[in-house]
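Each structure below appears as structure tokens.
Heads up, the next two complexes both have chain A, just with different partners, chain B and then chain C.
Up next is the complex of A and B:
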């Protein structure tokens, strides 16, 4: 049984606009039988934080192209992507890439 | 009084010469526009020592051990390609516009309308005439990019759209050049050095382009003028470090800048991907491709136009002007966000932001219903009441019409909703020149 977990979930680069413009979310994930990973976190975000147009954030079971996921200031590719097992107090950032100038 | 008239005479003289200057610049632009691009880049010779003028000019940085004379000499024979704007469209385009000036510091008021590359070169020449500037007033395209990039040592991407970002990155991989890439939107900036010292390329990070509907440009999203300035300065710094041999620390790192919080963050990125389509172990791409098709969007930061409604569901600004003049009873709904309404609006319009309409916000619908009821009293007609919808360019207004059409009659009574093509910007261009264009 995984204990409840506190995370800081952040959105940036415009991704925050799908979350009422709020960039920083202090999040407590409930207890659940399996450990929390990014795959579960995305589902949880879709159900609990994402208010409108989920397809602009999630496609299939992962984030849409153009969103970079950072776990404790590192590219999620270095951390196991969807399978990364979340730790208490982790910082997860979803950042939309910018193209303007 | 003497001093005053002297001042007036001088002002008139300055104005006359400025007009002459801008006419000359226009002529120069049209001459240069006809030239074959990328033909002659002068070769920069390696030199053993700095000139007296160079020592004077750069003395403050020459005494830095990290740079020194060695670094400065390297810098002096280095060439940098700066890609600005998004010009992969077939027409010659990207002239300086008034809306560029708040952030693009190389372009001054006097050069509005001049090609950006020429305007930038003219500004830079005034700052440092010892550097050679080669303005390319051309569309960077899959057919021209590689040849151009090959001639330079370092590339700086300051473009404003997704297809150009892929094009420049792929060209840099094929030509084996480091790419310093910076971008900005709203109050945020990002910077990465790609294809440098074995690090990843843009495609390693973003193998698939973002869906076009998720891409926001500076015209739609806005950008605080100083933010791209800050990113541009850091970009120049990294170019200088690479060119002088100091080296950049941003390979496999992304710098993220949040101007609202005043925070810089350094993100460790993935290494070069062995399965990357262009820089991987067995690349599937060996030449440049069609980037607009790949990204499903055009290489410009101009706004796309939506075709959601039929022509029967839309009216032109001229038609609207006519029914307004004839005082036909109707309601005009402005669906732009509050910040844009604060810039300008038509006095008689009813403001209901698109987001509230889409969310079927009760308060807003009630308010709109009330306004319709009141206006209906001006007419005895029992036919559906006309509601016209306007936004900035005529995209959101179409979405709003769809929402209104799908509302049950009990919400607003019997209405017929249409949108105004081209929105307020068309109104400003065609009907009322005193209406602000933003």
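Up next is the complex of A and C:
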């Protein structure tokens, strides 16, 4: 059981173009049986926040190569990538380093 | 890059950078489909950042390309490396100059900024708004006549380079620093190979690029990967302004640039050493000594009209380029009226195209002035008249000179070094 969590999700480097141009989103994730991790967060973002062109942000299970993910200002590769278990008040940043969005 | 230069110029730094920088921002909003209001907003944001940096800055719109003089396409006089003064002496003299000006430095910088402002906003004292609209139309027409996104991007790069070069020359800057990162350069390297620009690869992706003669293009950020720069910007809170580019939100296979970018980033995700391997391999390329400057007495090598790299198309028979031209002829829709004797007639092939269809006659004059990569870009441009006037006038000038040289060829005394089959 995962309690509802509030997170700050930010987008930079052009990724915000896919999210109505809003860079900072304060989100509250609902209750659900499995604990929240990045994998679930991505699915949630795809369903709820992503306004257009999902293939420019998500590729399969993970983000498109070229999009950096920072969890609390640390590279997600250090935190376990998709399997990192989210904590309350975490800060997740998606920065696109690609040329075209 | 701006932040790094700022850091380098601060007094406390141990090895202080010794130059006086200015910044240029080229507004390409018209081509990227931004409305005038959006462009204004972006410009305002950029100005705020540029003003906060304290350096003199210049704002240029891509439309100003139509007002450039033809001399932009000519290689400037090669500035000698230095009158033999040692590095230490040069540094001493710089510090001395700087100290003299130190008292009035803050006012001087502010002056330069305000001078640059009216210069950028109202070029030549004309009213900015109505002229800008006409120019924007011309620009949109030019880019509208280009059929593929790849050619559009190449054309945009060429025009942007000319504009920056012209501004640098006009304002008296001897070097231009570009902010290409390692990742971008790796993408650029592979893209140029795919576009047929392999001959100028060393100059396009190397640290210094001296094809313009008097202005040196330098890429100091080529050691940093895009990921490092993104982290740096995030952790140090560097202010950024986002502008949509030509290929923002374009589908994946829209242009060669996109395909290569996707390929490289995809590989990088699986094999993290991909980008640095490509970059290191590119680093091994170096410009041929002949490109450094004309040897005394030898003829200046011909240069491409648009990208100013040495022409790679005046080669002998049996080269790959001749093979391409022959197969183009043979597979063309209209059978040539009189097929040339063999693959040794490059000019003959151009004339063939010219006499088959009158509309392409000016194009046939144009193409021999370009390197192979630029030829592909121009081939995708439907309407040559929409090119900026300086390009067309310089092309006409060179064609006339080439024709004139051909006419007086027999009367010229040639060096033995010049190969007989050249013209």
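Heads up, the rule we're going with is that the second predicted complex is superposed on the first by the 97 of 101 C-alpha atoms of A that agree within 3 Å, B and C clash if a C-alpha of one lies under 4 Å from a C-alpha of the other, contacts with A are read in each partner's own complex, and residues count from 1 in each chain.
Here, contacts are C-beta pairs under 8 Å (C-beta built on N, C-alpha and C of every residue); 3 or more make two chains touch, one makes a residue touch a chain.
Predicted, not measured: the structure shown is a model, and the values here were computed from it.
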| item | value |
| --- | --- |
| Fit-or-clash call for chain B and chain C when the two complexes are aligned on chain A | clash |
| First, second, both or neither for A:97, with chain B first and chain C second | both |
| First, second, both or neither for A:78, with chain B first and chain C second | first |
| First, second, both or neither for A:61, with chain B first and chain C second | neither |
| Partner chain(s) touched by A:20 [first = chain B, second = chain C, both, neither] | neither |
| Chain B and chain C contact sites that coincide on chain A, given as residue numbers | 12-14, 56, 64-66, 68, 70, 73, 75, 95, 97-101 |
| Sites on chain A touched by chain B in the complex | 12-14, 52, 56, 64-68, 70, 73-75, 77-78, 95-101 |
| Residue numbers on chain C that touch chain A, as the complex places them | 183-184, 187, 226-227, 229-231, 234-235, 240, 242, 244-250, 252, 257-258, 261, 265-266, 268-269 |
| Chain A-touching residues of chain B, taken from the complex the two chains share | 84-85, 158-162, 165, 182-186, 188-190, 205-211, 213-218, 221, 223, 228, 231, 254, 256, 258, 265-270, 301, 358-359 |
| Chain A residues touching chain C - in the complex, by the definition given at the top | 12-14, 16-17, 53, 55-56, 64-66, 68, 70, 73, 75, 93, 95, 97-101 |
